[in-house]
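Across the two complexes that follow, subunit A remains constant while its partner is subunit B and subsequently subunit C.
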Partner chain A sequence: MAADLERLRQEICRREEELSELKQRLADMEKKSVEDASDGTEPKTIHNGNQKLTNDQIGRYSRQLILPELGVKGQVKLLSSKVLIVGAGGLGCPAAIYLAAAGVGKIGIVDYDEVEISNLHRQILHTEHRVGVSKAESVAISCRNLNSSLNFITHKVQLSSDNAMSIIRDYDIVLDATDNVATRYLLNDACVLAGKPLVSGSALRFEGQLTVYNHKGGPCYRCLYPKPPPPETVTNCSDGGVLGVVPGIIGCYQALEAIKIAADIGTPLNQRLMLFDAIDCTTRTIKLRGRQVLCPVCGDNPSMTQLIDYEQFCGARATDKDQEKKVLPASSRMTAKEYQTLLENGIEHVLLDVRLPVEMEICHLPHPALNIPINTVKKDPSALVEQIKRQLASSGIPLDTSPVVVVCRRGNDSQLAVQLLHDSNLNIRDIRGGLHAWARDVDSLFPVY
Partner chain B sequence: MDRVKVKLLFFAKSREIVGKKEADFEFASCTTSVSILEKLIEEYPELSVIAENVVLSLNEEYLELDNQELTLQAGDELAIIPPISGG
Partner chain C sequence: MAVPITLEFSGGAELLFANQKKHSIELPGSQKWDVKSLLPWIRDNLLQERPELFMQGDTVRPGILVLVNDADWELMGELEYEIQPNDKIVFISTLHGG
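This part shows the complex of A and B:
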């Protein structure tokens, strides 16, 4: 049954990609036939008295064509513009679909990753049956379904110091729709070196930020934030959470800014930073300082003339995926299966769950747990040790023999907790891999978030 | 020295660290941006980990970090803006 489902999903994907390719070919041929016709005696566009747009284009873009600010001139600019979207996620999806709708002639999408089910609440161009498919390809398929007359290029690679310049070179405007600090510095520097405006969006929880870097005398990312934040202070969407519509709104703004820059209309958001707070529905726009003459990359005498190692610069991997930490020795850890055995043998113990209460509500282990979030543990570990000892004593359990078992979602915070509580006389260990390991190795019906 | 009540606005990581979006805070009305940041860290020591990674703005204008004299008015809004990197 599971294999059949998987086969069917893959088959649908394959056919969707095939269909998408056919549509692109059809669009290319249609475009060519228009061009051929205009080489001949009776150009197809002559009837509308407009040498620049085809009848199809006039029909499709009519509602924005009649905007005096945009007009034929602006639409022609859009059709000949080339925009690169880095990141086919919560920001990249809405940005891509509006750029395609507006008729941006060439749209490039960079993403090395594949669609996961936990992406779908915010990465709205992917679909259930495209789980496992390349995100860049998935975005291209959805955009092509909306507007097959455009040129979509997928770059299924991780943007790096080695490939960034050659990818960016072919585009006029770049959208930063990425999810990690290292790639944001990389993209900033690459755009400065290549002389491209960078429309930068970001979102977490209920907050969004938007600005345009390296454009019309405005600052670059480094002019504002010369030093990368300490890695332990950076929260990603997986740990901090994000309401899908928040990157949705910021991604739409990114498309808007890119369209304005491409069509050369309005006032772009360079040298201004928009802060969006979804929970109160407020926006503030901060007037920023200009380009810094001493900036190491966009200043008057830049010390950086080529890309560097950004993972080293930031001290963090260029991904928002959580890395497994190795803090504890093996002797201070147990596997999920070992914990299951402990439960089955009815061994008295204290279970300490260091996740947030909101996470406890999602799911928890079958044994009653003391729920102390890791940040509370950090604030006063010795008080927690006393609390655990009291709990053991009140149950009449001897201190040194009874285990204290610490669990969290993935087995990282639990290690920190064991380390913080280590100096006591407690027999304390964590569950390696946390609840994810429990779901994988013990209880296949246990939810994974 | 005159003291004035200023509204602090915390964004992104600073909001997470401080645990609130806004707070009232009294500064000397005649001060500098460097001193403002120092006073902020004094009041919220947990912010020191990101002190070098924030933009400060006063009444929605970028605040250069320097020792130039600065006059605060009652009701001024001082925002602490670390970058968000997620998406």
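This part shows the complex of A and C:
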């Protein structure tokens, strides 16, 4: 049954990709046949008196063509512009679909990753049956369904110091729709070196930020942030959470800024930063410093003339995937299965869950737990040690024999907690891999978030 | 003469201040206040946890952008900017997610 389901999913995917390719071929052939026809004595545009747009294009883009600011001139610019979107996620999806709708002639999409079910609440161009498919390909399929007359290029690679320049070279405008600090510095430096404007968006929880770097005398990312933030101050969407519509809004703004730059209309957001707060529904646009003459990459005497090692520079990996920490020795850890055995044997213990209360509401282990979030543990570990000791004593359990078991979502915070709560009188261990391991190794019906 | 000002924290910086984004405060005493003297005052009087996530040395940690009355503090003199009554000073933690 499961194999049948999987086979069916793969089949749908394969056919979708095939269909998408056929559509692209049809569009190419249609374009060619129009061009061939116009090689004759009668120009194809004789009926509309317009040398620049086909009747199909006039029909499709009519509602924006009649905007005096855009007009035929702006639409022709859009159709001949080339925009690269780096990151096919919560920002990249809405940006891509609006750029495709507006008729940006060539749209490149960079993403090494594959679609996961937990992406779908915000990465709205992917679909349930494209779970496991390349995100770049998935975005191209959705965009092609909306507008098959454009040229979509997928780059299914992780942007790196080795490939960034050669990928960016073919485009006029770059969108930073990435999810980590190292890639943001890399993309900034590459855009400065290649002389391309960078439309940068970011989102977390209920907030979004938007600006245009390296454009018309404005600053680059490095002018604003010469030093990378300490890794422990950086929160990703997986840990901090994000309401899907927030990157949706910021991604739409990124498409808007790219369209304005491509069509050369309006006032771009260079040297300004827009801040969006969804909780209060406020936006605020603030004035930024100009290009810094001492900036190591875009300054008057730049010391950086080629790309560097950005993971080293930032002290953090160029991904927002969670890394498994190894803080504790094996003797201070137990497996999910070992905890299951402990439960089945009815061994008295204190279970300490260090997740947030909001996470406790999602799911928790089948044993009453003391819920102290890790940040509270950090504030006063010794008070918590005393609290645990009191709890053990009031149950009449001997301190040194009965275990204290610490659990969290993935087994990272639980290690920190064990380290902080270390006390010679306590037998304290964490569950390796946390609730994810419990779901994987013990209870397949336990939810994973 | 205390100096009344408004402080705001966003982009996650508010999490260091009991999740409160807006603070109306009065800087005490008769001396002149600049951003340089404001930062340790905030650390000692408002900050709820982990000062290293707010300050590094005598300035804000990398990744926090400071605004003085809705302008990048770089345009206003950074640490040397002399605080005026009713100023609005904003601390924004840069977001990286997407």
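By our rule, the second predicted complex is superposed on the first by the 447 of 449 C-alpha atoms of A that agree within 3 Å, B and C clash if a C-alpha of one lies under 4 Å from a C-alpha of the other, contacts with A are read in each partner's own complex, and residues count from 1 in each chain.
The rule we apply is simple: a residue touches a chain if its C-beta (ideal position, glycine included) is under 8 Å from a C-beta of that chain, and two chains touch if they have at least 3 such contacts.
Please read these numbers as outputs of a predicted model, since none were measured by experiment.
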item: Partner chain(s) touched by A:82 [first = subunit B, second = subunit C, both, neither]; value: neither
item: Touched partner set for A:389, first subunit B, second subunit C, both or neither; value: neither
item: Touching partner for A:284 - first (subunit B), second (subunit C), both, neither; value: both
item: Those residues of subunit A which subunit B touches in one complex and subunit C touches in the other; value: 87, 89-92, 177-181, 184, 201-204, 207-209, 224-225, 227-230, 232-237, 240, 242, 247, 273, 275, 277, 284, 286-289, 320
item: Complex interface listing, subunit C residues touching subunit A; value: 10-12, 49-50, 52-53, 56, 61-63, 65, 67, 70-72, 74-75, 92-98
item: Complex interface listing, subunit A residues touching subunit C; value: 87, 89-92, 177-181, 184, 201-205, 207-209, 224-230, 232-237, 240, 242, 247, 273, 275, 277, 284, 286-289, 320, 375, 378-379
item: Interface residues, subunit B side, partner subunit A - complex; value: 9, 11-13, 15-16, 21, 49-50, 52-53, 55, 57, 60-62, 64, 79, 81-87
item: In the complex with subunit B, residue positions of subunit A that touch it; value: 87, 89-92, 177-181, 184, 201-204, 207-209, 221, 224-225, 227-230, 232-237, 240, 242, 247, 250, 273, 275, 277, 284-289, 320
